[in-house]
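Heads up, the next two complexes both have chain A, just with different partners, chain B and then chain C.
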Partner chain A sequence: MTGTSGEKSTDSSGSRKLRIALLPKIKGISYFSSCFKGAEEAAKELGVELIYDGPTDGDPRKQAEMIEQWTIDGVDVICVAPNAPDVVAGAMKEARAAGISVITWDADGTTESRSFFVNQASARAIGEGLVNTMLQDLGPETEGDVVIISADATSANQNAWIEAMKPALGKSKLNLATIKYPGENASNALADGQDVISKYPNLKGIFGISSVSFPGAAEAVEQSGKGGQVLVTGLSTPNDMKKFVHNGTVRSVVLWNTVDLGYLTIHVAKALAAGELKDGAASIKAGRLGELSIVGDNVMLGDIMVFTKANIDQYDF
Partner chain B sequence: MNSMHDAGSSRSFRWWHETVIGALLVIVLLVAGWLVPGFLKPQSQLLLSRQLWEFAILALGMTLIIITGGIDLSVGSTMGLSAVAFGGVHAASGSLVAASLACLATGLCCGAVNGALVSQLRLHPLIVTLATFAAYRGIAEGWSQGHSYSRFGDDFSNLARGSWLGVPLPGTFFFVMAIGFAVFLAKTPNGRFLHAIGHNERAAKFSGIAVDRIRFWLYTMSGLLAGLASLIYVARFDTAKADFGKGFELDVITAVVLGGTSIYGGRGNILGTILGLLLIHETRMFVSRYWGSDELRSIVIGCLLIVAVLAYQLVSRRRRS
Partner chain C sequence: MSRSQTPTIGHDSNTVRLSVRFARLIRHREVGLLLLITLTSVVVGIKDIHFLSFEVWRDILVRCAPTAIVACGVMLVVVTGEIDISVGSLMALLAAVMGRMISENELDLSCWIGIPATLCLGTLIGVCTGSLVSLGRVPSIIVTLGLLTALRGLTTLMMGGENIDRLPEGLTQLAKQGLFGVPISILTAVGVIGLTSVLIHHIPLGRRLYALGSSAESARMAGLSEVRLKLFVFGYTGFLTALATIVDVPRLPKIESGIGSEFELLVVTCVVVGGVAISGGQGRLIGVLLAVVLMTMIRPVLTFIDIGEAGEKWTRAIQGMFILLAVVTDSFFSRRQRGSEKEHAA
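Now for the complex of A and B:
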């Protein structure tokens, strides 16, 4: 997964290859591994050196320390998926001051800490998509409680999605009973799932809105024998959820194309380092993805995808 | 004749362990400098030393405690609780000074509770600090409900990220304290009493050393240092959260033991601890910069500890025979 030593690699013409560091929130979970797959594809295509490393436990302080090390190593671009924007902001600003291009991907950082954000889908599209999927699966007139199992209370993505989910839920007959923050931790997510199942007798649905809390919540529902009565939906990779979709605990999985997200991130990083992408640009050409639009400083990947029993087996990530 | 003379001179040489650790440190530096271009550059060394100072400050207190045959497992949790105190007070008052004082005071109180339990109730330090290790973390998490406090301003975060004459501020601070601790340990009666307590507590008591009072202040001081380390940590990441310092206690104990302080008490010094800290730090930096892998770090540190202890035993056994 990782592949860097301090040696400067050169391409055949002898000029130095661009070195792009890609920092996921957590290394080793299938969501980010699938992003890495796309990133590798783009790196090969563009002839850049890709460094992929991140904390195995999702600790944002370790992310900050990795950024500091890459700054000293003098890489050309650092692409960060911050676990907690404020914690890594200092290190990102230092990297920028040292002349390194810094972008965020998957999750945004503070605006002064990066130049562009590679955005998988707008918060509104994701938040409303989640609620609409749940309503569709439950039946639009269903009454009862739902809960959200998020990641950390500081996770910028999840918080933005929750803000978008609230008005959509307000229009329905579902009542948001509580929001849980298990962190990016599978056993905490499972415990939170068990907790809400026993606490809310009128529970109709659980939203697991991180790729760790979604399978955790589904596992809790399956163990409690309430599969079918309590519906679980959320954001995760198809491979992690296939089992639950086939046994009926989960009817729909919401996500975007994560392989494309990694692919696009490296394209943006390369364009930035090569001077092809400037502030205020309205679009970018990203290889096989074609021309993608830039809104403000957000490079937009596209729309959400919904995986169901009908199509989930066609995807492998 | 000749061999007797050798034996005599090496017995009077008391710095075997420090020599072994120092040699290992030089080897690590040379290998790293050879394999990682720019590893030895003073500027990058100083920048990356940021990751060291919180551990280093905790290790000073831990050295003294382990010399007396005690241990403080609660330092990491104390950091977490102090950080939450900082965040809570800052959120309520908006004052960085009040928040910093609350952070230090919380550390002091946590340490004093440990000290009182160890010295007044005569409970074993391992049990006491194992209990407060869990309790302080629990209070921190309960108080903050998992939320984190942040945005204390660039000026505050520069206290940890900034430098003075090229040396990071926390580093300057650490070295001043380290000299103080070393002088206290080697040159003052109270400092020498610590070794006596570690050697034989009963004998120390009978010879009139105020063992309980010394113990109380040692743990209190360790708590205060944890509060200070927490303050630097909060400034470095511009964030205060209940999980700060998780796992630090074991890393700090590793550095102290690696530095030659006997876990049974009675032997140890500050120079050894500093060498132990540097050896761990440089090895970590080397491993993560060469292999770019977070997981390998702990494996290498574990192996290093075993190598260092074996190397020392080999040297000291030869010396004895």
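Now for the complex of A and C:
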């Protein structure tokens, strides 16, 4: 495996630029925009052409249409963040049959539809990380109810995290009272937050595990005047949560480095297309991220990050 | 009850008789909705007394406000025999435009410029929709279906993948805490409901809208301008959508491109469940408002009856069943009413 500087020079002397298509779950939300930022950085570094497009409403059928179009256009690599693995699997397999390398990122697809999955963090690391952060902020011996506000009932990532959170919550003195599914709808997320605050008088914490439900739940706590009594933690970008961290409604924001996720995805795509990344590889060199491990067919970005009042202003995504 | 196809000399008295019979029937439709609201509240209240608290109902009414405001407009659109399914996307676009203008991180213009501009833009888009429908003779379902996608796309472009926050403190305070403890969206909804009610009952315009909806042909013969009336209802809906955006969106933590998604479906559902005939010409505001309360109640009701983890995954299906239940209850009451009328006749 050659270093990045070497790759760059061979690329510019090559006949044509590699074309890599990056498909987010939803185009136009801040989470994926920050991934795109990192992807652009890697594309510039590696001298590849980056195509970034996705459905604005998160419709997986539109994702499938885009994959089909890119297959016809003959791009070199397609990187998919599937919204519904089964819906896009057909188009992904056709792309592979046409000789295009297909990988998944952010959310995994069915195993036969892709070669590698760029995994931001294992579901276990995220689930346990969320619970541990909550326990740390509340005090490990705290008793009472907690609620999870997720995305849709079909969101594969969120469901995997919830499954990982349950055993961790089971070991604590907190009781998981309910799980709400407001979808990607900010009004519903705020409404669900308000309702669980009224419903559970012994509520100690809310987990908002999507970039819509986390700010929604925080807003609900703030508007009901329960800041300090009900703690909110969850997964979202630092930019979305800064104001809540500074006013004390939220103490910790859990996430991975989304810019690095986009950056790594393009590095994996490039290495795959250039024949540098083969099945069974144990690691990959990814530019400024250095050498990252591959577990099975999962390229691991690394650990989760916890943003608090002390460090959140250092990040802009 | 079909619309009269052949206008005759006796048409006017015919319409009057029909409308009297419908008024009677529709009164029961509203009784049905009110019963459903009350029954549900009592049952859920027995299960969990917190549901009947002041806080819960204040939250529910605040959530009702934008739906009620926009439903006042969409109801009149449906009364004239048309439909508007673009209000959710219009709300998103207006929120984006408003945010770009008045957010402290963006242009940071004064609210005195940003708010009237948002109202003007909403009204303008509504009038454009109305002119495509009335002058361009394109069916309103097609025009607004196109706008549903186009306006959402435009919003995504405008937002450029970023969220907008930091709206002026004064505006967010009015939306969250309100004037004398009453959120501004509720005050606005009360005003809009009053205005719409006056419009329907006390000025000729209202009667003309109903006349146009019951029979476009005879309305034309009576010398009513179809174009002007349709420009009005779509323009009014655009204006009200802007108003709802201004009073409700500052309540949310941020403006993102997904704002208002499925709002159009909620509004149309309320209008239909509220008893407005989709073929035009009939429908009362009070029915629509009751339907707004009923539809908005569903989410908190599901939280308070605690349907369990598996049940939560069925939220959408249960919401759908609730709508069906409302419609079935309606038609049950209507049929009974019709039956008793027949007995009277016999």
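In this section, the second predicted complex is superposed on the first by the 303 of 317 C-alpha atoms of A that agree within 3 Å, B and C clash if a C-alpha of one lies under 4 Å from a C-alpha of the other, contacts with A are read in each partner's own complex, and residues count from 1 in each chain.
Everything below uses one rule, namely that a residue touches a chain if its C-beta (ideal position, glycine included) is under 8 Å from a C-beta of that chain, and two chains touch if they have at least 3 such contacts.
Remember, it's a predicted structure, so these values are computed and weren't measured experimentally.
Superposition model on chain A: chain B and chain C are shown in a clashing arrangement. Using the contact criterion defined above for the overlaid structures, shared-chain residue A:287 touches neither chain B nor chain C, since it reaches no partner. In the superposed model, A:198 lies in contact with chain C only, and not with chain B.
In the superposition on chain A, A:302 contacts neither chain B nor chain C. In the superposition on chain A, contact of A:27 is made with both chain B and chain C.
Of the two partner chains, chain B is the only one that A:69 touches; chain C does not reach it.
In the superposition on chain A, A:153 makes contact with both chain B and chain C.
Residue contacts after overlaying the shared chain place A:84 against chain B, while chain C stays out of touching range. Shared-chain residue A:227: touches no atom of chain B or chain C. In the superposed pair of complexes, A:51 makes contact with chain B only, with no contact to chain C. Between chain C and chain B, the overlap after aligning on chain A sits in one stretch of 59-67, 95-103, 113-121 or 275-283, namely 275-283.
Looking at chain A, you'll find residues 27, 56, 153, 181 touch chain B in one structure and chain C in the other. Chain A makes touch with chain C in their complex at residues 26-30, 32-33, 36, 56-57, 153, 178-181, 184-188, 190-192, 194-196, 198-199, 201, 212, 215-216, 218-219, 223-224, 239-240, 243-244. For chain C in complex with chain A, the residues that touch the partner chain are 48, 50-51, 53, 55-56, 59, 63, 152-153, 156, 159-163, 165-166, 176, 251-254, 256-259, 261-262, 299-300, 303-304, 306, 308-309, 312-313, 315. Residues of chain A that touch chain B in their complex: 2-8, 27, 51, 53-56, 60-62, 64-66, 68-69, 71-73, 84, 86-87, 89-90, 94, 152-154, 181, 183.
In the complex of the two chains, the chain B residues touching chain A come out as 35-39, 44, 47-48, 50-51, 146-148, 150-151, 157, 161, 236-239, 285, 288-295.
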